[in-house]
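Here come two complexes built around chain A, the first alongside chain B, the second alongside chain C.
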Partner chain A sequence: MNWFENIRWPEITKATNDTLTMLGVTMVFTVIIGLIVGIVLFLTSSGQMLQNRIVYSILSFIVNILRSIPFIILMILIMPMTKMLVGQSWGVKGAIPPLIVAAAPFFARLVEASLREVDRGVIEAAQAMGASRWRIIWSVLLRESRTGLLAAITITAVTLVGYTAMSGVIGGGGLGDLAIRYGYQGYKLDLMLVTVAILIIMVQILQMVGDALVRRFSRK
Partner chain B sequence: MIELTDVHKEYRTKDTVVHALRNITLKVEKGEIFGIIGHSGAGKSTLLRCVNLLEKPTSGTVKVGGVVLTGLGEKELQQRRKKIGMIFQHFNLLSTATVRENIAFPLKISKYPRDAIRRRVDELLELVGLTEHGHKYPSQLSGGQKQRVGIARALANEPDVLLCDEATSALDPQTTDSILALLLDINRKLGITILLITHEMHVIRSICDRVAVMDQGSIIELGDVLSVFLNPQHERTREFVSQVSDELDTDMLRSRAEGRVVRINYKGDTAYEPILYETVRSTAASFVILQGTVSRMKDTPYGQLIVELRGSQSDTDQIIAELRRRGLDVTMIL
Partner chain C sequence: MKKGLLVLAAALLLVLAGCGSNGGNNTEKNGSSNTGNNAEQTQNAEQNSGASEQTEKVKLTVGASEVPHSEILNFVKPILEEQGIELEVVVFQDYVQPNVQLFEGGLDANFFQHQPYLDEFNAERNYDLVNVGGVHVEPFGVYSSKVESIDELADGAKIAIPNDPSNRGRALILLAQNGLITLADDANTSSSVADITENPHNFEFVELEAAMLPRVLDEFDAAAINTNYALQADLNPLEDALIIEGAESPYVNIVAARPDNKDSEAIQKLIAALQSPEVEKFINETYNGAVVPAFQ
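Coming up: the complex of A and B.
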């Protein structure tokens, strides 16, 4: 077997771009939705500013359900919704909605956990100063938990790299798709290895950037 | 300045009701330093939090600076809280903000313009003696410095009232004294009313004008510090007083003393007069000082002596009568 004879770089470049697109678009929506859900989860949990057992239980239940469905199955389950939202349930476009539905609840839980780490006394001090709820959320909760949030974003992005590859199974596009179509179905081992190597490099870079940001903003 | 009327606070769990505060009525005058002392769980922390409504009383009214806080809506309450500063045992500073940013935080809430914030922060840094440390983060400061930042932050909006929640309990004795001196200084310079809670009699003795002793959610004793200190009425109060004065060993006295043993309390300028000497000299009796403290309570000098009077019954009677006539407080021990 002649190594690397099957490798067509333009296709790899395109697949890499597709993966990065899926990752980027999904992360933007995941961070926005996850932050909102995570903040609501935190604020409505017992002992917090907007303590509300009903809201918390319902939201928590939904998050748990979404998190307990394996990604591959989730992707197939929500296909009708995906089609409604973006007009197609395959390709790069079709992979993004299920990726968001899978990643946002995961990220929301990480946000909730990070906010819990914020010293209650600091929140109390802000209340005693006459700070409004929005001010407390923005200037105390998000500010004080920023290293935790950055770490959470890193973990979510790394997890998503794996998910984007999985979405290749149903024609999601990107590196996963390439690896499955040519590497697995077409017995082209070398191409599979190259895609795996690219995925590894991606994860390494994400983690390094994430760690560097955490160090940059840490004040402990 | 602060008026609590019939404040009651209870916490309900499934099958128990905990009465954290029972019918508290308390009035703190403008410009005074008022201390509340009690063990943990006595309810003092809840009481302090009821003043700015961080804890909502179950019933009763809270009035600060003539405004009934318990009747306010959320927005109005936020507005009023800006005029009630608060400092904490664990400082509660933003760890991600510098000293300057921490002090500027309440000013930003009050929407001060940027220039005004910079000037006010400079003033406050100078007031608490941290001019050099404005750009440090809390993790780079000592406990005492952190509390100074807390004090500067609490004073930023020029409040009428400062609430201190065990503000020195996490500090070593030397730092405690420097923070207490700062609080006293602020009280005098700015005329700010201070309400503090503590479990240390030392804090009360150093800076408070009046004190209330709390136990199991009630105020069991209240008065000016010196009279509570010299004549504690309640068992719990005596415990606190004994933190800062030596325990009297009555068994030892009983076995050793030959004459009559009396306790003499005096305060104010009498502390500088040779009253005891003069009084005893005019009789044939003599005296021995068995135990004694001569010190100051905030600014008032006071003394507390355990004295054995040796002499005839009539001489010692005469001495006791004369001491009382000259304004000393004499009680028989043996």
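Coming up: the complex of A and C.
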């Protein structure tokens, strides 16, 4: 086998752009939606400020369901919604809504776990000082769990890189799709190795940036 | 502590029982876990059948696509049962695993692909799988939910095609044979979009997974769809396809096996059962011309 004879750089460049687009847009919405859901899950859980068993059960149930559905099935199930939101159910555009629906519940659970780590004593002290609910959520909860949240974002982003490989099924493209089509279906190992190498570099960068941010905001 | 030990013992017993039932019957049956010794074992089973009091059943495990392959196989299952062959049909969703499993011995045969695909697969992976008999052709077609005839496709129309090398080539060749584009080499079954030399209508080709194409039919101007997926999506190749392959196509769907078991009695009986007037009638009646018998 002639090494690297199959590399078509324009195709790889387009695939890299597709992956970065899917990653970037999805992460923005995932963080916003996941943060809100995660905070609500935490606050309505037993023993917390807005304790409400019904709300917690329902929300938790929905999050569990969304996390249980295999991604490809999820893509197919929400195709009508995707069409309504972005106008088409295929391509990079069509891949983003299902990616958000898959990633946001995952991130929400990480957020919930992060918030649980916050020292109860600090929350109680703020309550004792008469701080309003919003003040507590913003200045105490979120501030104290900052490093945990940053770590959660990093974990989610890296996991998302793997998910984007599935978008090839609906023509979303991306590096993972190239690797599957040429490595698995087409058996062109050199092209597959190059795409995997780029993915590795991408994940390394994501992780390094995430770790640096965590260090920066860590109070020690 | 006692309870825990009991549970552990029960679990161990279950595991051993499972292992035992697979390992103990090798002289009688062909287990699908055997790697490559099926030809010999069939012979042994035939020789032992006189001496043994139990009915000797030869087990044949065949991997297949859902429609129409597994349906045709299930049709011949009772016929084979009368001949002493227990046919197990394993349905696969993709076009790679059935060949991989056949090569590695997990399957005795498979029935889902055509010769060009098998040739390409063998070449790329250094496999030696062989064609033991052709059964039918599923004429590949181009469908549209937007236009009634292929001439109505506007300039710049978006056409969805399969993203795997073999089906993509087939789709492009079909379009080329109908004069819509020109390919560098009409006979190259692995043609890709890069091989289009003339595209006077400026069609835009989008590549998706073959199984996804029926689902996105209403979002494109046209889509080239494999017949088995079209049938599953309730499309009728005869009525709904704008253009369709002729029945003399080189893409006859074949039964494939390994060199070491291709001449075994079980495989030969399978082929004989498949290439029979009964199956011809079944295919014609069930698929109304969307699937065409092609016993080669």
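As a working rule, the second predicted complex is superposed on the first by the 211 of 220 C-alpha atoms of A that agree within 3 Å, B and C clash if a C-alpha of one lies under 4 Å from a C-alpha of the other, contacts with A are read in each partner's own complex, and residues count from 1 in each chain.
Quick note on the criterion: contacts are C-beta pairs under 8 Å (C-beta built on N, C-alpha and C of every residue); 3 or more make two chains touch, one makes a residue touch a chain.
These figures come from a predicted structure and were not determined experimentally.
Within the superposed three-chain model, A:Arg143 lies in touch with chain B and out of touch with chain C [touch as defined at top].
Looking at the superposed arrangement, the partner reaching more residues of chain A, out of chain B and chain C, is B. Of the two partner chains placed around the shared chain by superposition, chain B is the only one that A:Gly130 touches, whereas chain C remains out of contact.
With both structures placed on the common chain, the touch criterion links A:Trp90 to chain C but leaves chain B unconnected.
By the document's definition of touching, neither partner reaches A:Ile54: not chain B, not chain C. Within the superposed three-chain model, A:Ile73 lies out of touch with both chain B and chain C [touch as defined at top]. Looking at the shared chain after the overlay, A:Val122 reaches chain B, while chain C stays out of its contact range. Against chain C, in their complex, chain A makes its touches with residues 76, 79, 83, 88-91, 168-171, 181, 184-187.
Of all the residues in chain A, the ones that touch chain B in their complex are 119, 121-122, 124-132, 135, 139-140, 143-144, 146, 217, 219-220. Put simply, chain B touches chain A in their complex at residues 52, 54, 77-82, 84, 86, 88, 90, 92-97, 105-106, 108-110, 137-139, 153, 157, 163.
Chain C contributes residues 95-96, 124-125, 160, 163-165, 206-209, 211-212, 215-216, 219 to its touches with chain A in the complex.
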